[in-house]
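We call the chains A, B, C and D, going by the order they appear; numbering starts again at 1 in every chain.
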Amino acid sequence: MIVNQFLMLGAALFAMGVYGVLSRRNAVMVLLSVELMLAAVNLNLVVFDRAFRDELAAGQIFSLFIIAIAAAEVGIGLAIILLIFRNRSSANVDELDLMKL
Amino acid sequence: MGWFESGWGISLIVFLPLVGAVVVLAVPKAQEELQKAVALVFALVTFGLSIVLAIQFDYGASEKIQFGTSREWISAIGSNYTVGVDGISLPLIVLSTFITVLAIVYSWDHWPEPHNPKMFLMLILVLATGMVGTFVALDLILFFVFFEVVLLPMYFMIGIWGDRTEIRIPVIGKVTEMRLYASIKFFLFTLFGSAFMLLGFIALYFRSGPAGDRTFDMVELAARSDLFTGSFAFWVFAALALGFAVKVPIFPFHTWLPDAHTAAPTVGSVLLAAVLLKLGTYAFIRISIPILPQEALNWAPAIGILAVIGIIYASLACLAQTDMKRLIAFSSVGHMGFVMLGIATMTSIGLNAAIIGMVAHGVITGLMFFIAGSMSHRYHTREMSRLGGNQKLMPIMGAMLGLSAMASLGLPGLAGFWGEFMALLAAFTPNAALNAGLFRTLMVIGAVGTVLTAGYLLWMMQKVNFGEPRESWDGVDLHDVDKFEMMAWVPLIVSIIAIGVYPRIVTGATNGAVVELIKNAFGG
Amino acid sequence: MPMLALLATNANQLILATEELGEINDGGLLASLAWLIPVVPLLAAFAIVFFGRRMRYKGWELAMGAMGFVGIYGIVLAFATMNSEITYQGAITMGEFGPLVLEWGWMVDGLSSMMYFVVGVVGSLVFIYAKSYMAGDIRFTWFFASFSLFAGGMLVLVAAPNLIQLIVGWELVGVASYLLIGHYWEDHDNSSAAIKAFLVNKVADVGLFIGAIIIGTTAGTFRFSEILSQVAAGENDLLKKFAFLGGLALFIAAMGKSAQFPLHVWLPDAMAGPTPVSALMHAATMVTAGIYLLGRMFPLYFVEGYAVDVRPIIMIIGALTLFLMGLIALVQTDLKKVLAYSTLSQLGYMVAAMGAGAYTAALFHLFTHAFFKSLLFLGAGSVIHSVHSNEMTDMGGLRKYMPTTFKTFVIGSLALAGIVPLAGFWSKDEILVSFGDASGGAANFALYLSIAGAFITALYMTRAVYLTFFGEYKGQGTPHESPKMMTVPLVVLAGFSVVAGLINMPGITAWFTELTAVRFTVMGDHHPTEINFVMAGLGLTAALAGIVIGYLLWSKDAETQQARDTFRIPVLYPLLKRKYYIDDLYMDGIVRPLRGPVARSVDWFNGHVIDLFVNGAGALAKFVGKYVYRFDQSGLDSAITASAAATGAGGSVLRLLQSGRVQQYAVMIFAGTVVLVAGFIIF
Amino acid sequence: MSFGDWIGQLENWIFAILAVGTLSGAFLVVHSRNVIHSALGLVLTLGSSAGLFLMLGAEFVAWTLVMVYIGAVIVLFLFGIMITRAPLGYESDLSHPMSVKVTAAIVSGSMFALIGWAFLDAFGSVEFPVAEGPTRTADIGISMFTNYVIPFEVMSFLLLAALVGGIVLARQDPEEVDE
């Protein structure tokens, strides 16, 4: 097992998440893709933790924090999407362009 | 034949077509057959003389300037009428005279509107003088004159006999006829490059020695290449390269080419593709590398990168084309990319590849434009989506189109392969002074480009040749290849196969000259 | 004669010995005239194009004559080479590129003689068959012209003594394949299949180009004999440095021509061509070109310090191919497609064996496979000829109507399944033994998959035989036995399928081993000196189990036959039916985007961005001209107007950035991050 | 380490299977035209990455991931999908058109190239230190409540705020209910 095989997997996962965030129209799907990016970060944190044999297990602890924050983010995010959906009966990101001139 | 070798031979090959043009002018306008006959005779004699030249040529000493002469011309600026032939220019001279004959044969029965054969034939002959003149000139000013002589007939050919479809010009937004837009774009674009080129020539002249000892002679300048150093050489090379690059054309200076080819009448496209594009690459080999070898090395990576971008870019653009002629035009950009890649390696393999690539592209793309012209003449459309089943309607023409497509995608055994493959091969071990890693990357990308090339040509074949013919062609008169087309195309097919099977036809002349050129320029 | 080195191996280990060979037998006139072998079919192809229509048999006689000449010459050469160990190469110069001299040449050694033999003999039989099969075809003459072009190209490839000529033959074969797959080009699907075959091969050719360039340039020569003797001598450090890359690139080329996963997609579609084409090109000869290349360059992959690291990759790719493609064959309903996937699977065996270092075993399987697979294809053609359908659902019960075809097809199937003592058993057994002898994880992987593959092979062939020849006839009209001209080649090939294995039985005969070991750079064989009962037993058991289970599944009467044909295992069935979605991946992931959005955006870029500068320069010149004129006329006032106009224009361009779309901003943020980080890393 | 050696280790086979699971799940998430498939793809990705954590010896993280994500977050997503009445069948409207996808692919591809290059440059073929057994959960607990106690408290406030915020946002106003 070399370190890089995990890191490259994480990078690929992250890139796919980025792709999803940029290419999806539906807001729920965008949120799902954000989860992919977070999962990639988690993976790399744990890999670094194990690769450097961290005494304090900082990588794992931070990945736990990320899991918790992700849960909060999903909750809030879905609530916002719900609200938007109620007001505009659509969850498509590209229709939310009221900020434009 | 002492007179032939002492410079008269070459001069005859250069100026006989011009004499022919004058004779055609003297023939009354109504006697079209006579005009054609006169033009054909002059072209044939010129071609015959160039064959004599090729036979008399001493292949054992192909690096030497042969059949040359030098006469005083514009003594005020020290410019002489210096001409000569070596192994590099010989194949291109034969190619030019050969294509000229075929163009006239083809024109016999195929006149674009407005009719006026007299004018058209004169333009072809003047063009021939310009083309051959560029290849034999050994004096920078003489070279420049011939280089520009080529421009004018082509401008008129596109502007008068060109495609009359109305188009909206991008950016400017004006609606105009295709031929007008294309001819002006072609003329101005090339002239823009030539201006820089002339600037470069003059700069070289003033650096070539103390007053009184200055020269425009290419051979002499190459011998004094030590004088051109530093940022002076850098900028001179840039100016020359810009002028040549427009003519080749190298990405991103290529946009005149698809428009000009699409708009030009068939013979115009053929001459443009077969010979005119070679003027730029030839100038790189003849002028830039020997006179400014150090700068050639400095600029080589940039040229190589642009060449490879051109290969990929042109292939992708081809995939998007719906117009058959425009597709072939874009494919020229890709093929010239391989030629430039060969030149950019600055090795003897690469330069040989470039020259054989030039000759091969001349015969192959010439044939493709002939066929595309004849097809659009019969179908009255070039839209590939409206064609189909051509193989059934016109089997012989379909087969010839197939053969030329195969040659164009670089099938071994046909001419196109050697230029492509040897350019890639040369890119693996470029000149010792260049970054091998970069060129190896370019080699891989260029090799991928061959796949895309195959893709667009095969898809074109599928759209045009295969399938069942559409019902709309039921009553239309679609006769297969006629005798003039046959006479014009069979020689091209024969030469495609001959060069493909036995590349020594070209490299036998070029190799000695190229090896010597590389040795003189880069030492070792 | 160039310097020769002797490479000898025993079963497990390679021992380098650089002793000079004794007197070389150059074969005299027999070998020096071998240039006729590729040239005659090529000339025949040209002659057929120009004169074929006017001849009595419309050009067939020319093609047949050329092929028969090759067949006889091949037989003579094979025996002569085996008896007197001929190694000969001739060359004439075709051009000079600086230091590089381009040569056209021909070589005679064991490997090439074996291939001449296979191409000539199988080719002659297929040509005899094709005259009857193709009778009445609208492009009969053109068919034989292309077929002769193929034979010529293949023989140019086999005869090539250098890498560049190999490329020439390689591509000629590819274009002939394109022409023949697209023979019925009125149908859009057929021409698309032809294009697919050409393009996939062209992708692999990138590997061939690069591999040939790397190996040839670093070795300083493109001649096989000289490259390989450098490999044997082990002196060229540059070659050592690049051997892995070069070897890998050449293997990619082999993957394309020999249709290895994941470049296999063209071969099943290539069944769009007429059946004789499938028999000769897509079973016996053209697809083995990749194996031939690996065999030709074998020392490069085998000698320590060169491309040995490619071997696990070769084994894994081969093993994956043989297993995955065999599975697909189970769900095909088109008889030719079953055989096509079977060919893929068998090619996987050969490739994996090359990877395991079993030079002889791989070539031996190539040799036997050529006979029984072309037999099966021709048998399928005979069936299709009388049923007028490729679908097995239209067949059934043909045993009664077509006895000769039935018998020969069963012999071919048993040979393919590897039943003792037919040809397939001996060659497959040698491959299994070679996996067992090779060490490392990849070899074990290949061993397990190839035993499973033997089971699957027997299973799908049993299925094909039962669905085609047993039960009730379900098609239109009354089927009939094919004419003599078609059945005679079947019988001859069936004879070969029975006896071809007997020439290389472990411990008893070693003629094939001796033949293929005749090389400039000689290497020992991988021929087991005694039979390995464990491996033979495993392989045979797997095959018999496959036949028995196939019998149980498909031997029942006509009604259930139809029902049992679609044994739909969830997940697996759609996966197999859609060919692991690889075709969809290529089409939707690469081809369509390239032809559609990418190409269009490049074209758009050309017209709107580059021309923006060109036309913009023109427009600017006109604009400036106008203002210069007005300035000339009316003074400075216009400058102010112009600056205001410029500001306004700039603003309207910048306004486009503020689209209000979150994801566009996100694109800019991510792209900016990439650029900045890349900048920080680089500078 | 040559490819042959690499593939010869059993754990790398497991890794390969999990990696394929992760990536194909992620592919579903970003590419499927069916919302439910995308959500289930996320389950596959997270499940496989939990497996990777187990391989790495991070057992506590792995099981937390399974419980929190697959247990809770996915359920939340499924609710969100249902409430926003996202179509349950195949739907072509979920993604942007091809041109946007190409841009997105270019950006994410270059990002992958950059990150990947950086990793390759930094780590080359460094191998993991010899395993000394999985991390003990007790160690994580001690570390979290001694060294990282302040972040932990901040986190708890954040969760509280999210809780309140979620309710406030998603609650329908009484007037609207009346109408």
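Note that in this section a residue touches a chain if its C-beta (ideal position, glycine included) is under 8 Å from a C-beta of that chain, and two chains touch if they have at least 3 such contacts.
A quick note: this is a predicted structure, and the numbers were derived from the prediction, not measured.
Colleague: Quick check on this structure: which chain has its C-alpha centroid closest to the centroid of all protein C-alpha atoms?
Modeller: Here the chain at the core of the arrangement is C.
Colleague: If you tally contacting C-beta pairs, which comes out ahead, B-C or C-D? Let me know.
Modeller: Most contacts of the two pairs: B-C.
Colleague: Quick check: how many Å separate the C-alpha centres of subunit C and subunit D?
Modeller: About 41 Å, centre to centre.
Colleague: Would you mind pulling out the distance in Å between where the CA atoms of subunit A average out and where those of subunit B do?
Modeller: 56
Colleague: How many Å are there between the centre of subunit B and the centre of subunit C, using C-alpha atoms for each centre?
Modeller: About 37 Å, centre to centre.
Colleague: Of all residues in subunit C, which are in touch with two or more distinct other chains?
Modeller: If we look for residues of subunit C contacting two or more partner chains, we find 598, 663, 667, 670.
Colleague: Mark out which residues of subunit B touch at least two other chains, giving numbers and ranges.
Modeller: none
Colleague: If you look at subunit A, which of its residues touch at least two other chains?
Modeller: 18, 22, 94, in rising order.
Colleague: What are the touching chain pairs in this one?
Modeller: A-C, A-D, B-C, C-D
Colleague: Quick check on the complex: what are the subunit D residues that touch subunit C?
Modeller: 2-4, 7-9, 96, 98-100, 102-104, 107-108, 110-111, 114, 118
Colleague: Where on subunit C is subunit B touching in the complex?
Modeller: Of all residues in subunit C, those touching subunit B are 93-100, 102, 164, 167-168, 171-172, 175, 178, 182, 185-188, 191-192, 195, 198-199, 202-203, 205-206, 209-210, 213-214, 216-217, 594-595, 598-600, 602-603, 606-608, 610-612, 614-616, 618-619.
Colleague: Okay, in this complex, where on subunit A does subunit D touch?
Modeller: Counting only subunit A, the residues touching subunit D are 1-9, 11-20, 22-29, 31-33, 35-36, 39, 42-43, 46-47, 49-51, 53, 56-58, 60-61, 63-65, 67-76, 78-83, 85-86, 91-92, 94.
Colleague: Which residues of subunit D touch subunit A in their complex?
Modeller: 1, 6, 9, 11-12, 15, 19, 22-23, 26-27, 29-30, 35, 38-39, 42, 45-46, 49, 52-53, 55-58, 60-61, 64-65, 68-69, 72-73, 76-77, 79-81, 83-86, 93-96, 100-101, 103-105, 107-109, 111-112, 115-116, 119-120, 123-129, 132, 135, 139-140, 143-144, 147-148, 151-152, 155, 158-159, 162-163, 165-166, 169-170, 172
Colleague: Note which residues of subunit C are touching subunit A in the complex, please.
Modeller: The contact residues of subunit C facing subunit A are 655, 658-663, 666-667, 670.
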